[in-house]
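Working notes, structure below.
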Amino acid sequence: MIKKTPKQSTLQGIKSLFVGLRVTGHNFVMPQITTHYPRQEVDNLVTYRGHIELVPKEDDPMTSKCILCGQCAKACPSNCIELVIRKEEVEPPPAAEAQPDADKEEAPPKPAPKKKVKRILEAFILDYNLCSLCGQCVQTCPVDSLEFSTNSYLAGFTREEFVFELLERMRKKYKASSSG
Amino acid sequence: MAQEDIDLIQAINTQDPPVVKVELVNTIFDICRSMSLWPMTFGLACCAIEMMAVGMARFDIARFGAEVFRPSPRQCDLMIVAGTVSRKMAPCVVQLYEQMPAPRYVMALGNCAISGGPFYFEGQYGIVEGVDKMVPVDVYVPGCPPRPEGLLEGLFKIQEKMTGRRWWPMPKQGEAV
Amino acid sequence: MEYLAYVAFGIYVLIILTGGLMAVLCRSMVRALVGLILTLFGVAGCYLLMAAPFIALMQILIYVGAVSILILFAIMLTRAPAGAEEAPYIFPWRSIAALAVAFLPLAVIGGMIRSGQVTPLVPPTEVPLAELGQTLIEPYLLAFELISVILTVAMAGAVILGFERRIGK
Amino acid sequence: MNGITHLEMYQFVALLLLGLGLFGLVRRRSLVGMLISVELMLNGAGLSIVASGQLTAASGAMAQLATLFVMGLAAAEVALILAIIIVVSRRFGHIESNNLRTLRG
Amino acid sequence: MNIAPELIHIAVALAAIAAFIGLNGLVLVWLERKVAGHIQRRPGPYEVGPWGLLQPVADAVKLVGKQLVRPKVADPWLYWSAPLLSFTPVFLLFLTIPFGPRLIGMEFNLGLLLILAFSGLNVLALCLAGWSSANKYSLLGAARAVAQSIAYEIPLLLAVLAIAFQFGTLNLSTIVHHQGPMPWQWNVMTQPLAFIIYFICAVAETNRAPFDLPEAESELTAGFHTEYSGMAFGLFFLAEYAYIIVISCVATVLFLGGWHGPGAPGFWWFLLKVYALIMVIIWLRWTYPRVRFDQLLNINWKWLLPLALVNLLLTLIFVKM
Amino acid sequence: MLHYAQEQLQGDYYTRAFQAGAQEDTLILNMGPQHPSTHGVLRIILELHGEYILRAEPVLGYVHRMQEKMGEVKTYPQYLPNMGRVDYLHALAWNWAYVLAVEELLQLEVPERAEYIRVITCELNRITSHLLWWGAYLLDLGAFTPIMYGFADRERAMDLLQIITGSRLTYCYYSFGGVTADLTPQFIDGTKEFCKYLRTRLPMYKDLVTDNMILRHRVDDIGIIPVDMARRYGVTGPNLRGSGVEHDLRRNTPYSIYDRFDFEIPAYEECDALARYLVRMDEMEESLSIIEQAIDSLPEGPVTPPKMPKVIKPPKGEAYGAVEGARGVIGIHVISDGTATPYRIKLRSPSFSNLSLFAEVSEGILLADAVSILGSLDLVIPEIDR
Amino acid sequence: MVFSWFHLALILFLVAGFLFAAGPLIASLLFAPKAKGGALDIPYECGMPPHGMSWVRFGINYYFYALIFLAFEVDILYLFPIAVFYPESMGWMPLIKLLIFLFVLAVSLVYFWRKGVFTWPKRIST
């Protein structure tokens, strides 16, 4: 639909000047919409997706759900996830109480792999300085071990402050919540 | 691109101390400076939009006296590098920084300004991997883009850096982190 | 008060002298103009001392507020590549000649002033503005009407001389 | 200040201005500079006229208005001369009278 | 020695006016930002001091503590003289303004002329500033500033002249005395056209939006003061606010009955009217877009100037009737 | 003093090159890269004669971010976040163009509900973009208040988008074959409310700005882009519609489900800045009506295709995805060589074409008009430099 | 030599204004740290090294506004003394004289208008 732009007479124009003043005058007396930030917070922060955090296991809040598959690191477009994995030879049964059944089933056929290599998540390093907040890591994680934090108050004096060790953060957060 | 655009230049940041140096006077000046940080209108990319948002009614940086966005570096105290600094832009950033009169402060806003952010990859040819390679950065605000609250927090950090104390209460959520 | 008047007069003369020297000696045209403006202020001060505040204010309004802005504008607009500065003199022939030229009338008129026989009227009285208005519109009527014509014609001439009509597309 | 009357003092100041103006007029090479010198002289004239009017029995009003007219004329003159200067500078690219005469450079 | 009382009078007036300007400058900066904030539905300065009242103080102190910079190519003398020249006449402008029935710096028959003469110096200062900064934006800004200020000076003079013709005086107190306490006894009733012309010209003269072309941010970055930092810039700023106060004061005196007002006349009425005018000026600034340069000049030459001439003509005829 | 100046102030490579074509004794002025009215880091070298511009030359590349090069080193999904940063004001349109192209390569069917969600969010994003443009344009014209109002409304829309996408600006929300998250009831209610709210705000904008005499005189009859010039430079989007051409991909080559909605393509025949301004103002209302229609007929169902390949490795071939962004036609050409990384990605950004005509339009106009024309073209610089 | 109180006040006010302005500038010299080097003393031009001096000739037409201003202002200033005299003057003669004067002003305005001094085309041919 092709229209013509409306033209304006001088009289209309002069009237429009007063109409404009009325609009601003009206807004002058309207309530403000400012969120007084350090004292108040905007109401929709919960939906904000900040940097990622590890999700703890439900039963054991000190370890994460992560199964160390490395998918997130691979999917990340900015290569900002680094998994530090410690390989540990775990002595089977006696000490291990967590999965006795599984081990027993596995143990009989082959005696050789008695010493099982267990991969332990030593650190989960996120270089937030590179992150583009795309959420691909969260999407790819098969066990939903990652979540977004809603923390938007980051600022610091060095850039190293934003290289997070997520495992530690997770633990600290748990400690803070359990103590507080 | 001309050759001068490709070399990364370091900003010259030498500074003479004031002629009169009295502790008390300096403190007063520092407090006043921190309460009226005029930023430079210096948007480079996406983060600039969030920088604009900070000036707008919802977040209103004016409450802290920092809404006077001056276009000329001569009248600015704070250079908010908001966005990606490309190699072609780098000399310009340096020049603008050098043209600011002392005391001057720099905030690197967004991951691009901090480190190249999403555009950093092996063998990249076009961006500067962090403005701190060229100008001294006082405060880093990460995010892509950081929320306006982040920028405000950065402003508080600069005030903290200047006066040695935080002036405003911690936000509720901020304490938890 | 009388002393203060002399002091003020001395200061004004000093201002006039500095300003005048700046006006004739400075290489940069804008500085010369600033010198001229200083002189204008000094002269305005002298007018004030002579109980002629109206003329003093007019001096500021017309000379400082209009003429000098015009000159400044002209300097700004005609800055040729060489700049609004005169080329330096290699040898001050010109200055010497200028001094000679300036000194001659100075001496002659100075002598005349000294030998003048007018009896001065002290102290001067301020002329009320209404009287000025009356004089302007009655005895000086012709001049008054003419001056507007002259100004108009001068401007018209200037416009004809230099105005670049912008050619629209 | 004996021996020298107020009137004479002012007249000497006016003379000073005249002298400065003359000096500048000859010494200056650029047209704007000459114009400035002429303004100096005109100021001297104005000062002299007002002094004569205010400090003698002559009509002060007349003298003041005469000076006012001098100012008006000065304004007209400045406008015209500057217009000429601008035209000249546009034509020749410089405003130095020397070169103007010989058209060199 | 009866020198003393006069001298004391002058000294007191000087101190009072200096305080008045200093205080009003600070208040105005605060008010402007606060009003702007409220128009835009935000609080404006808020955290620095109660209601942000210390904000202008912080700004002023900060400007003092800021380095002064001069581009190497700029002419040092002219460069520094510009802000000084801009501010120097400011005090003088208030000398002859009657703030109250008795409250006046000094009676002067040519008070109006004095204000007009010395406020013209600002143009010169802007021009010098723009020229000596050796910056292209400054130069353009200065050219604009001069073309604009001088253009609007003419209708302004004509509008003021109409008042002068009406009362036959240039003495500001006399003009106030000619008006009465009630709004319909004010000049704005007899000379509405002159008032409108004066007001528009005054806004333009002080380079306020919508006529803020010399410092048009989106076009010339910061206009003639692009190169000025710290307090030099602050002086331009302060002078601008001082000129706003002056033009509002003069408007009040000429058109709004000065210190007259229903009930008790006095300083407060004067201040009230001045601030009402200033509020309108601020309100205009935060409402309108900027006019274009050619429009700006055309408004003046093609509308205001003929109107002002007509207004003067009518005044001439009415005075004779 | 002067000699220092003459030697030092030689400008840089670009100004020297520009100088070569300049007339004698004109002012050569850099506008940008750091200039309030170039919206980022566009640099324009101007040759000025007083207030008039004799010649203008945009210099690009100050935010060149290697977007196309990055396409060659990242996998298909890894490239997704880049899209939100090409044009950060209408990020979802770029998202969409990219997923369209890749979906074509992969022969993926997009579920019905996902299409609707895409329409709703993209239009919402378009409104935020136009609101920002409106405010910024008025800022260019010297009015400070409108941008505040525009931003206040924009914040509401951004809050809505944040509910489902989690970010405020650089969304990375569409995925191949669908969207990453379903709508929440909160979003749906909020959007309905927002539509109503914005409809009450638009008349206020009209009162405050559109009808304002000063604005009318500023933008009327300047920056005329005749149809043939627009065609020559490949101008698209509101700029083209401001030249009186009813061209809109949503109507002309309806992608997705745009043919199901009833909306107008506003176009004005005056070809000037005012026409472009009005087109955008009208477009916001049309977007609102599209959103309302889409929300009313939102079907139930999944938002991602039933079976997605684990690793995205499109077969050899090429595909072109084009959508109508807030600034014009966004086109992405993807060439696949059968591996997980694209062989080549080419971005067709509307701002680039829209800027290219600036040099021609700005010849001989006033400086203030140039600013206002530049604003009326609605440029996003990273989109130009890519 | 008349030195009135007003004169003294005038001088004092000017001096005070000057000092009031100069004070903060000097304070700034004392209390401000000073950055040096680099591009600090190069004129600012949007972050680019400027090309050429700013002092090249530009737009001559600005000048004509100043010119016309001069004519009008000087003319109008002549009216100020008359304004004071006018209300107490007798008869219609002053009015007629002033009318002639204003007529000349109006004529010159019309002349400049017709001459195109006030015309700004939207676009000039380059």
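Letters are used for the chains, namely A, B, C, D, E, F and G, taken in the order the chains are written, and counting of residues starts over at 1 for each.
Assume contacts are C-beta pairs under 8 Å (C-beta built on N, C-alpha and C of every residue); 3 or more make two chains touch, one makes a residue touch a chain.
Bear in mind the structure is a predicted one, so any value in this text is a computation, not a measurement.
Undergrad: Determine the shortest chain-contact distance, in steps, between subunit D and subunit F.
TA: 2
Undergrad: Taking each chain's centre as the mean of its Cα atoms, which chain lies farthest from subunit C?
TA: Centre of mass proxy via C-alpha means gives A as farthest from subunit C.
Undergrad: Using C-alpha centroids, which chain lies at the maximum separation from subunit G?
TA: Computed centres place A farthest from subunit G.
Undergrad: Please report how many Å separate the Cα centroid of subunit A from that of subunit E, as a whole number.
TA: Comparing mean C-alpha positions, subunit E is 55 Å from subunit A.
Undergrad: Determine the centre-to-centre distance between subunit A and subunit B, using the mean Cα coordinates as centres, and give it in whole Å.
TA: Computed from C-alpha means, the inter-chain centre distance equals 25 Å.
Undergrad: Once you find the CA centre of subunit E and the CA centre of subunit G, what distance in Å lies between them?
TA: 14
Undergrad: By residue number and range, which residues of subunit C touch two or more other chains?
TA: 1, 6, 9, 50-51, 53-54, 58, 61-62, 65-67, 69-70, 73-78, 80-81, 83-84, 122, 124, 129-132, 134, 136, 147, 151, 154-155, 158-159, 162, 166, 169
Undergrad: For subunit F, jot down the residues that touch at least 2 other chains.
TA: Residues 2, 5, 8-9, 12, 25, 27, 29, 33-36, 48, 50-52, 74, 81-82, 85, 145, 148-149, 152, 168, 170, 208-209, 212, 214, 217, 364, 366, 369 of subunit F each touch two or more of the other chains.
Undergrad: Would you give the residues of subunit G that are in contact with at least 2 other chains, written as numbers and ranges?
TA: Those would be 1, 6, 8, 10, 29, 31-35, 40, 42-50, 53-63, 66-67, 69-71, 73-74, 77-78, 80, 83-86, 88, 98, 105, 112, 120, 122-125.
Undergrad: Residues of subunit A touching subunit F in their complex?
TA: 1-5, 8, 10, 12-14, 16-17, 19-20, 22-24, 27, 33, 44, 47-49, 75-77, 132-136, 139, 148
Undergrad: For subunit G, which residues are in contact with subunit F within the complex?
TA: On the subunit G side, the touching residues are 42-43, 45-54, 56-62, 120, 122-126.
Undergrad: Would you mind writing out the residues of subunit E in touch with subunit F in their complex?
TA: Touching subunit F from subunit E are residues 36, 39-42, 72-73, 75, 134, 136-137, 140, 143-144, 209-210, 212-213, 216-219, 221, 285-295.
Undergrad: Looking at the complex, which residues from subunit C come into contact with subunit E?
TA: 1, 28, 30-31, 34, 37, 53-54, 57-58, 60-61, 64-66, 68-69, 72-73, 75-76, 128-130
Undergrad: If you look only at subunit G, which of its residues touch subunit E in the complex?
TA: 5-6, 8-10, 12-14, 16-18, 20-22, 24-25, 27-29, 31-35, 40-46, 50, 53-55, 58-59, 62, 65-66, 69, 72-73, 76-77, 79-80, 83-88, 92, 95, 98-99, 102, 105-106, 109, 112-113, 118, 120
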